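You will see two complexes here that share chain A, one where it goes with chain B and one where it goes with chain C.
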Partner chain A sequence: MGLREYIIKRAVFSFILILFVIVLNFMIFELMPGRVEEMFIRPGMRREQVDALIRLWELDQPAWTRFLKMVYNLLSGNFVNTYSYRSQQPISIEIGMRLLNTMILIGTSTVISMVLGILLGVISAHKRGGKLDNTLVLMSLATYSFPTFWMGMLFILVFSIQLHWFPSAHPYPTDWQSIYRDVGGFPPPAATIPIGGISIAIPSLTEIQGRVYHSILPVAVLTLFQYGGWLLLARASVLETITEDYVTTARAKGLKERTVLLKHVLKNASLPLITSAALSFGFMLSGAIITEGVFSYRGFGSWIWESVQYKDFPVLSAMFFIIALCVILANFLADILYGVIDPRIKYG
Partner chain B sequence: MKNKFVILSIALLALLAISAIPLPAQAAVTYGPRMDEVLIKIYGSDTAEFAALEAQEIDLVDWPLTPTEISKWSAPPYNTYIALDPYREIGMWQVDINNNLTMLSYPNWPSPTSYVVFRRAIAYMVDKPYIISSIVGGYGAQMETPIMPWLRWYDTSITPYTYNPAAACQILFDNGWRDSPDPDIVTDVKFPPGHPLAGQKLKDVMTNGPSGPSDPGLIFYIRSDHSLRRQAGILLTNGDATHKGLEAIGIPIDLQDVPRQVSSPKVMFQKDFHLYMGGWSLSRDPDYLYDLWHSDQMNWEITEFAWNYVNINDALWDQYTAALKRPATLEEAEINAKLAQQRFVDQAFFIPIWTTLGYMAHNKALHVLNVDSYGVRNWWNIFAVNKPSVGVTGGQLRWGFMHDPEALNVIYSQWVWDWQVLDKIYDSLLAMNPLNIAVDMPWMASGWSVGTWTNPDTGQMSSKISYTLKTGIKWVNSTNGAILGDVTPEDVRFSFQYVYDHVGWNYPSVADIYVNPDGSLKIEIVGNTITFYESVLSVWALHWVGGLPIIPKFLFQTIADPHGYTPGNLGIKETMIGSGAHYFSGYNVGVSMLLLANRNYFMPIVPNTDTDPTYIKIDWGIFKGNVKSGDWTVNVLDLIVVAGQIGWTGPPGDIPADINKDGSVNVLDLIIVATNLGASW
Partner chain C sequence: MATRKEKINFTIQRLRGFLATFARTKRGLAGVAILVIFTLIALLAPVLAPHDPVKDRFVGGYQAKPEWYDKLFPADPQSHNFIPMTNPGFNNPESLSDFNITKTSSLVSVYHNPTLGKDAPGSLAVEYKNPSSTPAGTQSVNITKEFYYPHQRPLAQISFYAQFYVEGSTYMKENKVLLDVPVNISLVIYRVVNETTKITTDIFRYNELIHPYELPLIGTSLDARRTVTEPTTTWIPNPVSRLDSNNLRGPIFGTDVTIDITNDTLNQPANYIYSVELVFLDTAPRKSNVQTTVYVDDLNLKGLGTAYGLFGTDREGRDIYSQLIYGTQISLLVGLSSAGISVVIGLIVGMIAGYSGGAIDELIMRITDALLVIPNLPLLLVLVAVLGPNLWNLILVIGVLGWMGFARVIRSVILSLKERPFIEAAKAVGAGNVHIMLIHILPNIMALVYVTLAMTVPSAIVAEAALSWLGLFDPAVMSWGRILYDVQQGLNIDKWWWVVPPGLLISIVALSFIFIGHALDEILNPRLRQRR
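Here is the complex of A and B:
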């Protein structure tokens, strides 16, 4: 079987898996005990208010109608007509507001921790048994073991309260609300590029600076928490590879040690790293519940947490679907990358 | 009589002489709040918000501090820039008891908590001083009834329940619930004679609770998301080294340690509980005893969701609270409030434990106005707060919020954070004097009068309240605070009718207004005076009417269904059009919200409370009849009003011209006003 057939086969399987996720997603929340509207009713609320909410959430519709609508909405990415139980607003509004925050926080920390962890892992494996190796492993285990909420509070205490270097909360400066009050509370974009009928806004330097400044502490916490895992994984993978005959051969050929490590060792040790990276990016949109909470960082993680608390099923359903979709797509890409990186792997 | 005439003549002559002296020209007046901006910063938790105050990223918090913060911020370095603001709450934390005969999980036989003796036994098991000292850190005041102990309505003669397991066991033994009166003898509580399950142990029968047969007993919801309530509930259930809990005296408990989102439907909707660690925000008027716990409130309107979820259904209690809701005088209200409390304690309907007595906090760069019972998060403070380093006016207040509002809907919003925003946008006719919350102040109204009329349906004398609307109050937009038009008496009438027609959250404000045969409320307008005809007689009617937020008719008459996040789910800026001290500028959900000072507001900025002790006389503003000019100077008009009311008598403080509040308007009041001529604020 060639690459083309393999991709088609995997795509079909992935699509079936997505349908399965949708069905499961619907059934889980449908089978939950209790009446949803009870969560949102308070003393004094009157019948007509309750009925209005039930109509808004379409809980008066039969299950199959809601299921079909959900399938359509999820497959078409249409969250405009899906209303949050809690805010009574279309989910699309909240997704739009939180997506960028989460991508900045989790994306940045994942990339930094991955690069840092793999690099240090390779060095650690290369210097195995030495002081540097022991120090790096010990450090990574330590930061990997610290609870993120504890690290977050420590960072706030030191860098926000004591030193006033960084803000303690929020994904961007709250002052924007006042400074840019006439343009929606955000710095105007540097430019707007129309692409296929959609306008893509290029953020201004002010916006980038503001977001980076506010993301430093939470990104640092998540990076410290995550890099240790990458370091240990990379170290273990490299250690398995570094004693292979072809590495010895490469060295015997007189190649530089850096070339041996990066081209011959790391490349062959990268398969488990790719799987891990795919899963990391797949779960990227699930956010970081605890870190987002500590830093009042409004991302997907805090949204999931709030929605679990409030039994906000439309939000949870949408979020679970998005996360599942990302994981399935990331794995799909990883499967294809295997073959590209390691020619020994054959599709079939 | 002759002396009085001479004194009056002298006073009037003096008045004429003074009035001939030209008053100094008024300086330019700034209207609205002192500070230009209120930047609300939203945090997901009190921990994050308090950290932000420590980091000097906010100036003011919106929530009482925990004992940890109080202790920490009382010492260096925090006390160099953080000030603690004493706060005593009008509210309570209590053990709610389901008084209903049956409940969902046990529908076929009377619930133990429907027995008064059983409730009394539970009341004897709550050690309030110990809870306050060990759990609340001492930052609480003990509660015996749902009335604040420092208010006039509180009955000091009641005999409270004190922690006494022996008394609890004795009462259970005397009534057949327990085999021994000795609390040290371990015995399971059983159903008493006369009960369909007489003789059977509670723990053998009560297995239908959330935990099922594995943990049978009374269903007791505590709140996993509220540390203090949770700890108090666990103490009551399990006791500790020095205290017996309910389990120890043989009362089995099925403890449900769950968040509000789980407990609220079970307790308040299904009412499928025996005990619940509850909490209430209350008010300065005691008529909430009726609003919350009269049997009429068991199934309010047509939903099963009701204020009176503890299902108090007692004829005497109903009689007293109904009389308290509709008293002709304050004295009558006081008598019935006290009778109701005596019945409350006798029947142990539920068990109030404590009210918060603690602190909020602000950055010392601020000059705040802390209002008794409301703290620094009160409306007045946001109106009067300033940063002396910036000046009397101007600058930005950075205010921490623990939560986003759940809705910005002036018709249906219910949550405290919703109203922290909405009450800045919408005003009402009446306000409360910040230095004495028992004293009313006219606000959108220039004054009021209270009278009676005969309800044609009942033939009973009923309340008639007239408010005179000030002129010059403007509706402003949410873009730049520009004037959209005048607030008119018709807007006022419309506001009441709209809330009545749509059964809004403030429905109690309009519920007792007489309804004409055509379905309209009996509200008459003559000039700027709006008269409300109540269908009952009540001294509280002034507050019912005075507290309703006034909404613009030109906007809301276009909104047929005001349900939604905003009325009719329109844009926030489209619907947040009010006449309040601030106007709504923008909102980044979960991050920040901006309110801007309404410089077209009808009231000038408040004076410096430190340097002007006459601030409390802010209600003198009514003497001028119209303060839209912002002229709050004491002048000859004030003298004329006081002189014209000489001889009037009434309860101290009831007559505005009774300046020294000695119960009558006399020459002393005239002298006070004369000696303050020219004073302004």
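Here is the complex of A and C:
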């Protein structure tokens, strides 16, 4: 089987998976015990109001109509018609801002934790069996058993409440809402560069500073949550390669140990690392949900958290789909990447 | 053929060898030791914990600090639970000596009634009896108890308790039964300002006149809206007042009374006097031979301190120490059962897929892949939110969503196992598929099962904690995650004695399983030993 067929096969599988997620998504909320109306009808509502709300969520339509509509909406990425039970506003209003916040959080912490974890993993593998190795492995195992939310709470306790170093909540200063009310609640961008049809805004220094200052604690927590996995993975894959003959050859040539480790070992050990970067996307999101909850960080994760508290099922459903979609796409990319990078892989 | 005895001996020998190897792994031993301790804690929870973790509200003050807090920080003095009464129930005649009783007239007699009582028999009876037909004027009885309040700081909450039961001679007026001699009951707390001359200030007073009263001929409670028609010896609960820092409004002596009193009634170390003052108003013209008896029971004063227990209390005054102890049960139960479910499903699925191969294998593995791709925590959240958070749903959902990785491992192991000669031999002898799977394959993968079980428990424990912390907890049980949910909801992260212990316990228990898993892994998969 060639690369092309391999890609097509993975694409078909991913598409089936997306459909599966949609069906699952629909089934879960459809089979929910109790009447859906109870979730949003408040005491004291008049009959017409209730009817209007039922029409808003199309609960008067038969299940299959709603299902087809949902398939269409989700596949086309259209959340204008999806209303939150809590705010009774379309989900699309909040999605962009929250996505940006979550991306900042996840992106930064992933990069930091990858670099940190892989470096420590290489060191650990190099000194395998030693005291340092034992300590590092033990510490990464410990991060698996530390509840992330507790770590976040400890960080707030120490760095925010006791030391007053960092703020304990929100992705950016809360007073922006009032200071920059006329320009949309955020500091105006420093410049906008038009590229083609779209213009890309370069954020001002104030915005960057504010965001960085507020993101340090959550990013630190999420980094601690992830680095252990990277460390163990890097250690394992370096240990696989470190015994290969070409490594011995490199050493015999008299190369520096650091050069051997970083150029000869890590380069060849990095294949599983690259793919698992994509594969760990779902794991990362789990961490983000919890971290955002602790820090009231307005992103996807805290939206899920809020929706659970308010039983806001349309939001939960949409979030679940988007996250699953991201993970499926990331997996697809990982598969493709794997196939392209390593020609030895049997496409099967 | 080996005899049964030889087989048993062989098993014992292997077990001994295993234990000897295990005893050499330090981490494994540490893990087992921790696990044994926590199992004991979980089993002995009812003995170790003084209170129910969910139901026992206000055993200490609202969000009390730990008992040892003011020893660590003497600059910030705390008050502790304070109950000055030694025998509030009047269960024996000696209990009267706890109180100082003064009366103005010999028409009043105070004695111990051994039969009548609120919860237990025994009460203090104050009887006014006047055989003559001329009114004797007002006569009063004071029942006082002097006590010393030792704390620098006011209590978090004070509750006054007193139960009264009134009976006496009556007359009818406008279809109402009224007492011939009405009685005025006051509850007063004095602070002794001057010890030598016993000058006091009145710092709390509550008054109620019992006169226009629907009194059945034989007995009644003081709740005017409740008419007792049968002769009764049971007392109807009638708490005089429950006083918080907030003003409470409640039926007291049958009427709605608002009492303005704050929790700083006892606000400095001093002698205080708790006094019940009964004034019999024998002033109106009436028939001869009148009598009114007031039975007093459960005369108590309970103060909840700003410090309580080993780890303080939560927002409902529940003991955090008890919650931590009981949380052990939940964590171990959820961890072990969920991991058990995951491993069993993974084992079955993996064995079927690996052993049957072909289209069935392909189908099962694609479904497994699909489930593996769907992000775990959001699915968990959605499922528990939809199914409703109770303990069994949590266990089930966590267990059912955790088998996929293990199934893949089992499948790959079986793919290689089934090509081995001994399976071929078994097939040649005519063994059935089920027989081969159970007798020949299963024992060969049990090592993997144990290791996976130990490694799956921590993630199940942490998952339960995360779900509880997100608010998806079973309201009937108190888990460590739920304790942290309470912290988060009340914005109490600054209270380190409350934040640190639950998370630490979760980590320790999870870590102990990881240690055991690793030790097992090293022993049961000898190939790994050189690599580490």
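Quick note on the criterion: the second predicted complex is superposed on the first by the 300 of 348 C-alpha atoms of A that agree within 3 Å, B and C clash if a C-alpha of one lies under 4 Å from a C-alpha of the other, contacts with A are read in each partner's own complex, and residues count from 1 in each chain.
Convention: contacts are C-beta pairs under 8 Å (C-beta built on N, C-alpha and C of every residue); 3 or more make two chains touch, one makes a residue touch a chain.
Model, not experiment: these values are computed from the prediction.
*Asks:* After the match on chain A, would you call chain B and chain C a fit or a clash?
*Replies:* Superposition check on chain A flags a clash between chain B and chain C.
*Asks:* With the two structures laid over each other on chain A, which partner does A:G228 touch: chain B (first), chain C (second), both, or neither?
*Replies:* Neither partner.
*Asks:* Let me test your reading of the model: by the given contact rule, A:F146 touches which partner, first (chain B), second (chain C), both or neither?
*Replies:* Touch partner of A:F146: chain C, not chain B.
*Asks:* On the A-aligned overlay, A:P218 touches which partner chain: chain B = first, chain C = second, or both, or neither?
*Replies:* Once the two structures are laid over each other on A, A:P218 reaches no partner at all.
*Asks:* After superposition on the shared chain, which partner residues are touched by A:G121: those of chain B (first), chain C (second), both, or neither?
*Replies:* So A:G121 meets neither chain B nor chain C here.
*Asks:* Quick check on the superposed pair: does A:V294 touch chain B, chain C, both, or neither? Answer first, second, both or neither.
*Replies:* In the superposed model, A:V294 contacts both chain B and chain C.
*Asks:* Which partner chains sit in contact with A:R181 here, chain B, chain C, both or neither? Use first/second/both/neither.
*Replies:* First partner only, chain B.
*Asks:* For A:I156 in the superposed arrangement: first (chain B), second (chain C), both or neither?
*Replies:* It touches chain B and chain C both.
*Asks:* Could you look at A:K311 and tell me whether it touches chain B, chain C, both or neither (first, second, both, neither)?
*Replies:* both
*Asks:* With the two structures fitted on A, what stretch of chain C runs into chain B, 20-28, 254-262 or 344-352?
*Replies:* Clashing stretch of chain C against chain B: 254-262.
*Asks:* Show me the chain A residues, by the header's touch rule, that chain B contacts in one structure and chain C contacts in the other.
*Replies:* Dual-contact residues (chain A): 153, 156-157, 161, 168, 293-294, 309, 311.
*Asks:* Going by the contact rule set out above, which residues of chain C touch chain A in the complex?
*Replies:* 366, 369-370, 373-379, 381-383, 385-388, 458-459, 462, 465-466, 469-472, 481, 484, 487-488, 493-494, 496, 499-500, 502-503, 506-507, 510-511, 514, 518, 531-532
*Asks:* Under the definition above, what is the set of chain B residues touching chain A in their complex?
*Replies:* It is residues 37, 39, 41-45, 47-48, 51-52, 54-57, 259, 261, 264-265, 268-270, 300-303, 305-307, 309, 396, 398, 406-407, 412, 414, 503, 505, 561, 563-565, 569, 585-594, 596 of chain B that touch chain A.
*Asks:* Could you pull out which chain A residues touch chain B in their complex?
*Replies:* 34-35, 38-39, 41-50, 52-53, 56, 86-89, 94, 97, 153, 156-157, 160-161, 164, 167-172, 174-178, 181, 184-186, 293-296, 298, 302, 309-311
*Asks:* For a test of understanding, state which residues of chain A touch chain C in their complex under the given definition.
*Replies:* 13, 16-17, 20-21, 24, 28-29, 31-33, 128-129, 141-142, 144-151, 153-154, 156-157, 161, 168, 239, 282-283, 285-286, 289-290, 293-294, 304-305, 308-309, 311, 313, 316-317, 319-320, 323-324, 327-328, 331
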